[in-house]
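As structure tokens, the structure follows; a few thoughts come after it.
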């Protein structure tokens, strides 16, 4: 099993979710994060003063998948999340040693 | 060292925390996430229209433990978080290569 | 590639970010978490009753770096985040199998 | 004959009292957990619809209509029949009768809304609506008639209540006590912390309530005259003294004054001065406010030890406030301040204090008993409580299919 | 001769109507997504500056200045020239003329602000400001003159509108319809859910709007007299009945009443009673409120099926409310209630109903056509819509370089 | 003899001014970081208790009591002794004396609350309370007496201040300047961004402040008469013009108007028109408002360059506004508008402008010096600042053991 973490632009969440459903991914965990990277932050105006805000709202997806599915999932996310602009995000693949479903105790593949 | 990530139902946090204290786990990191999976989302009514909201509020626990403790911790979380209903959540076990305590620089077991 | 996760005190974020910029780290992902550990929580007063709140606001950094940079990054974070008080936080190092940039599809080192 | 100044004043006051219900909704909603915000707000808001409707077709006539044996008004004013823009001969003789009617309507609306703080975060909407309606009819209307209705027996016996220490605050406090006893505590009460989810919202509510209270107490003079001035001034002083005392107690005992403490003290002071507002001078008002802050602070802390889940302290603040205020009126009332009022203990008239105590006993017992029976019957018939799962999920989703905050 | 009671009343009423604009800002802002909160608030707030300025140098004179052929006021009152503290002979003869002027200013301010709910979350600030200004000049001022201006042709024909069913609610509803047709739906409309980001904010706005509405309708009597009493009472009853009906419909059809439903029903009831407030009795007011809740509930649900993105339901609530209220006035109006008013259908006078229908037709068509042309021209000239990226990022950052919430 | 219209008006106005303190609390709290929300709110709220208490036992008598040599009132009105519902012969002769007293109380309450914006997010609660109390006694009360007290020396010299340009805004601005100099900037000032945590809260506060300002300025006519009309109108026009100008400047210079800019401009305009409200005509009021928006916009931007941490711009908006407004009064005042007022420069009377400048100098210097000494002494004695750790943790937890928001 692998864990795929993807940092994407928030307004792309629906597209990515639908795309993943399309390839049979029926579970994921999502959270709001702030990102810092190449993409220039935006300026904010506060009573005549300008501030540079360099942390940009991003959405983080965590998806546990079978090792065999990794490439497909990665490609799917890339297509759906891509706007060809800096800041589209990153995808990280991490190893997972075990997955357990709380309710049943099922492990591995059965658990997801 | 291993990292245990558990996605549970928010109102189970206190129970899980107490159960973990029971087996001597004195540290963890918690965050609010949204989950998508088998559990059906709820409907919301907005001026006579019904919407399906399929991301469900969940709580994510991150616990670094000694490899030897993993099974005990997993079982403890399972018992405490279980409501026998779909959506009780998942537990993931990830490898950790190093743990450092910021304050002292202690590493590994000493750091947690 | 490695993933470095650091749990630090929120008000230390700016210092850590600057320090990391200093050593050429130009990307990271940040999120708000709550921490539980040695550091005593604070008491809250609510209409004459006192409550112990034991989850403390913390900030979590996620940084993907080249394996070679890990030690330098860890040390940099430690220095910048340290206040010599309990609760300064932890740093975890996790293995990463792959990194992909959404926009370009670049992998590994090129992706960060 | 109609006086434009008085009419302008009471219309403004009626608007202010209406505003208190949304104010209360926010005051309460800020103290609940985020999954119960909307349900809590709606419990107050819905009273505007429910009780106003009841008021037009039942409540006003029962409360202020032609007296029947001192105990209740008959129903001859059903649908406001005969309630016109002509001033009433009995009430507020310088303004249109309808203005008096709508002003009183606002009082009837907020009183059951006050009760909702006691069983916050755990009751079903349907049974709650039923309870509130029945309570308005069987508790509020009669008590209102006894004290403020022309010919009401307690009023005739000399019981005084300027703006609702008995009619509003004691009835809702007693109702709250009964309801909590029937409904029981929230799941995990005592184990988990139920932290307020948004205190700025509670402070905003406090500000709106204070502002509205000037209409509540000031307007109870029913004219823009000297009595209104007396009531307005004591209201402000009572509220500020309550805030001063509560924060002071926190400072001394926990060495930290809190924002919620300041708000709680203010509401305690405002509730407590209510029955006395138009009958006492400024210095008495300050003493009353200080007593309110002191007693309510201890009552609330004490409750916490009792493990009695009056979630937002309706008993400890409104109920107790109504009692203290009514007693203090018996002590500090002075005809020098308000010739239409009474002389109290300090003015050498202990009898009046006794009368007030009698009023407290009667209203407190009546409101408690009827409320308890109502609540019990409804609970046995259809169940007041949410099932455990729904309580865990929260009122907003379980009862209203809504979410307060989306990002 | 100036009457202090009337002056106090209308000054208070003017303050209340001013408060409605921030109230509306919050009512709307709570329903948008968090990235559009500030832009939405500003669309209402800026009207206070924009329209007040226009009012002093153009609007007041066009609306209420010396009549030209029944269609418009001349510009002789430019810069309030001749508008002094002397009472006007034509309007509100017991208060300073400037008080009447500023009271009417508040109406002119909130009307275009109401429209903003229709094209929420997607228009550029500059073109929006331009549209609102032109709309005030070409739609609001003329219609206001026709109905309320001395010599206005619709008023002379006997069309009645107590506090703005036609002048305020129908014009903004028709303008909203036109604007939505020109501007089009939000990106992903129908696909994504646009959940309200903060419903407590919307409920707070509702509370402030209700409170302000007493000034809006009550003050339209222009004196603290019997008519003010009638208007105040029907306003409250209309609002509460609207709330009651909407929540009831939700309860019956979705078996869950909602908080937003209660708020929506209240606003529907308040908007609908507006034209009739000072001309009908309490029981008629309740019927009108119930009808408002019923019709607007269905209109809004129906719209959802139409896939027509009137984002915050300006057409379904204000536009429709203005129409229903104006028709109901034709049905329920009674000289017994207000001798200065008219007798409606039920009082055996069908002609008046016809007159009202005529008024609706004229105002509805005029407002719709002019609004559509204005919007179209501006859209073709400089473009009303945000580009897609900006719409995705949200108004706050794209148009104002601000963020509503920071942690 | 008591006039009901005037009494209703001033009671309503007093309520409105009270509401400004919660309004201010929200206005400020929205601009601080979420860890300091409650502490910021409480700094305003607590003034209601602290200063109202001081007002009854000291302040009112010092400010308005029998004059001693033009510099201060004696203490014969201690505990409101002799302040009854009889109208005072010197002040507001058509309403109960107590109404005037409580109306003025609200002014005394909000003035020190305004200062808190300057040292937001960094002072200890205890020393802050001490400072505010001492400031009220040594700065507010004397200055209030000099200008508004019967026999006050500046008033006798012809210095005019309709509703508090000098008494309220300049004193708090000068106090703020002194306090910032003593207390110093927030940790990491200049390095970190201190972004407002909740701008909708600030906009809500703005709405409540604007609403309340009608009572603040309109009520200062102390009767529901022509002067009240003048003051009410200029207040609205001053505020809207300030908003128009500030947003315009942002539009021109940053090509983005902001929501906070609109709010800031409105407050600047309202503060600036305050001293002139009852003495100038509508067109002058608009010019004054435009000037306010212009000058305060630049003052605030300039401050940012100075690296002077007047955190919420009390000096740049209130202090400067008070000065500009008082000068403009010297220029635009006209007896044609208010016979009881004065003629200014444009009416061919330069002397009056000189008098106003003299008033500014005296009040500005006095307020600054006394505030600086007070602050310095308290700081040296017990320390105004939070220790670094507490400042990092935030006021709410460090000083009040509370958290504003819990999920």
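In order of appearance the chains are A, B, C, D, E and F, and numbering begins at 1 in each one.
Just so we're on the same page, contacts are C-beta pairs under 8 Å (C-beta built on N, C-alpha and C of every residue); 3 or more make two chains touch, one makes a residue touch a chain.
Being a predicted model, the structure only gives us computed values, none of them experimental.
Participant: Between chain B and chain E, which partner chains are common?
Facilitator: Shared contacts of chain B and chain E: A, D.
Participant: With a step meaning a move to a chain it touches, how many steps does the shortest path from chain A to chain B take?
Facilitator: When the steps are counted carefully, the minimum from chain A to chain B is 1.
Participant: How many hops, at fewest, get you from chain D to chain E via touching chains?
Facilitator: Tracing touching chains, the least step count from chain D to chain E comes to 1.
Participant: Out of B-D, C-F or C-D, which pair touches the same way B-E does, with over half the contact pairs the same?
Facilitator: Most of the contact pairs in B-E are shared with C-D.
Participant: By the contact definition above, name the pair with the higher C-beta contact count: C-D or C-F.
Facilitator: Per the contact counts, C-D leads.
Participant: So what's the Cα centroid distance for chain A and chain E, whole Å?
Facilitator: 44
Participant: Taking the mean of the C-alpha atoms as each chain's centre, how many Å separate chain B from chain F?
Facilitator: 51
Participant: Quick check on chain D: which residues sit in contact with 2+ other chains?
Facilitator: Those would be 3-6, 8-9, 12, 195-196, 198, 204, 208, 254, 256, 258, 260, 400-403, 407.
Participant: At least two partner chains per residue is the criterion; list those residues in chain C.
Facilitator: 31-32, 44-46, 50, 53, 94-95
Participant: Go ahead and list every pair of chains that touch.
Facilitator: So the chains that touch one another pair up as A-B, A-C, A-E, A-F, B-C, B-D, B-E, C-D, C-F, D-E, D-F, E-F.
Participant: Which bits of chain E are touching chain B when the two form their complex?
Facilitator: Contacts found on chain E: 193, 195-196, 249-250, 253-254, 256, 258, 260-261, 264, 297-298, 300-301, 304, 313.
Participant: Of all residues in chain E, which touch chain F in the complex?
Facilitator: Result: residues 2-9, 11-12, 14-15, 18-19, 21-23, 25-26, 29, 37-39, 41-42, 45-46, 48-50, 52-53, 56, 79-80, 85, 95-96, 98-99, 101-102, 105, 125, 198, 201, 204, 208, 396, 399-407 of chain E touch chain F.
Participant: Provide the residue numbers of chain C that touch chain A in the complex, in ascending order.
Facilitator: Interface residues on chain C, with respect to chain A: 3, 17, 26-31, 62, 64, 94-103, 105, 111-112.
Participant: Quick one: in the complex, what on chain C touches chain B?
Facilitator: Residue positions touching the partner: 2, 6-8, 31-38, 55, 58, 60, 70, 74, 77-78, 81-86, 88-95.
Participant: Show which residues of chain E lie in contact with chain D when the two form their complex.
Facilitator: 3-6, 8-9, 12, 16, 33-34, 195-200, 203-204, 206-208, 210-211, 214-215, 218, 223-226, 228-230, 232-233, 236-237, 239-241, 243-244, 247, 254, 256-260, 262-263, 265-266, 282-283, 286
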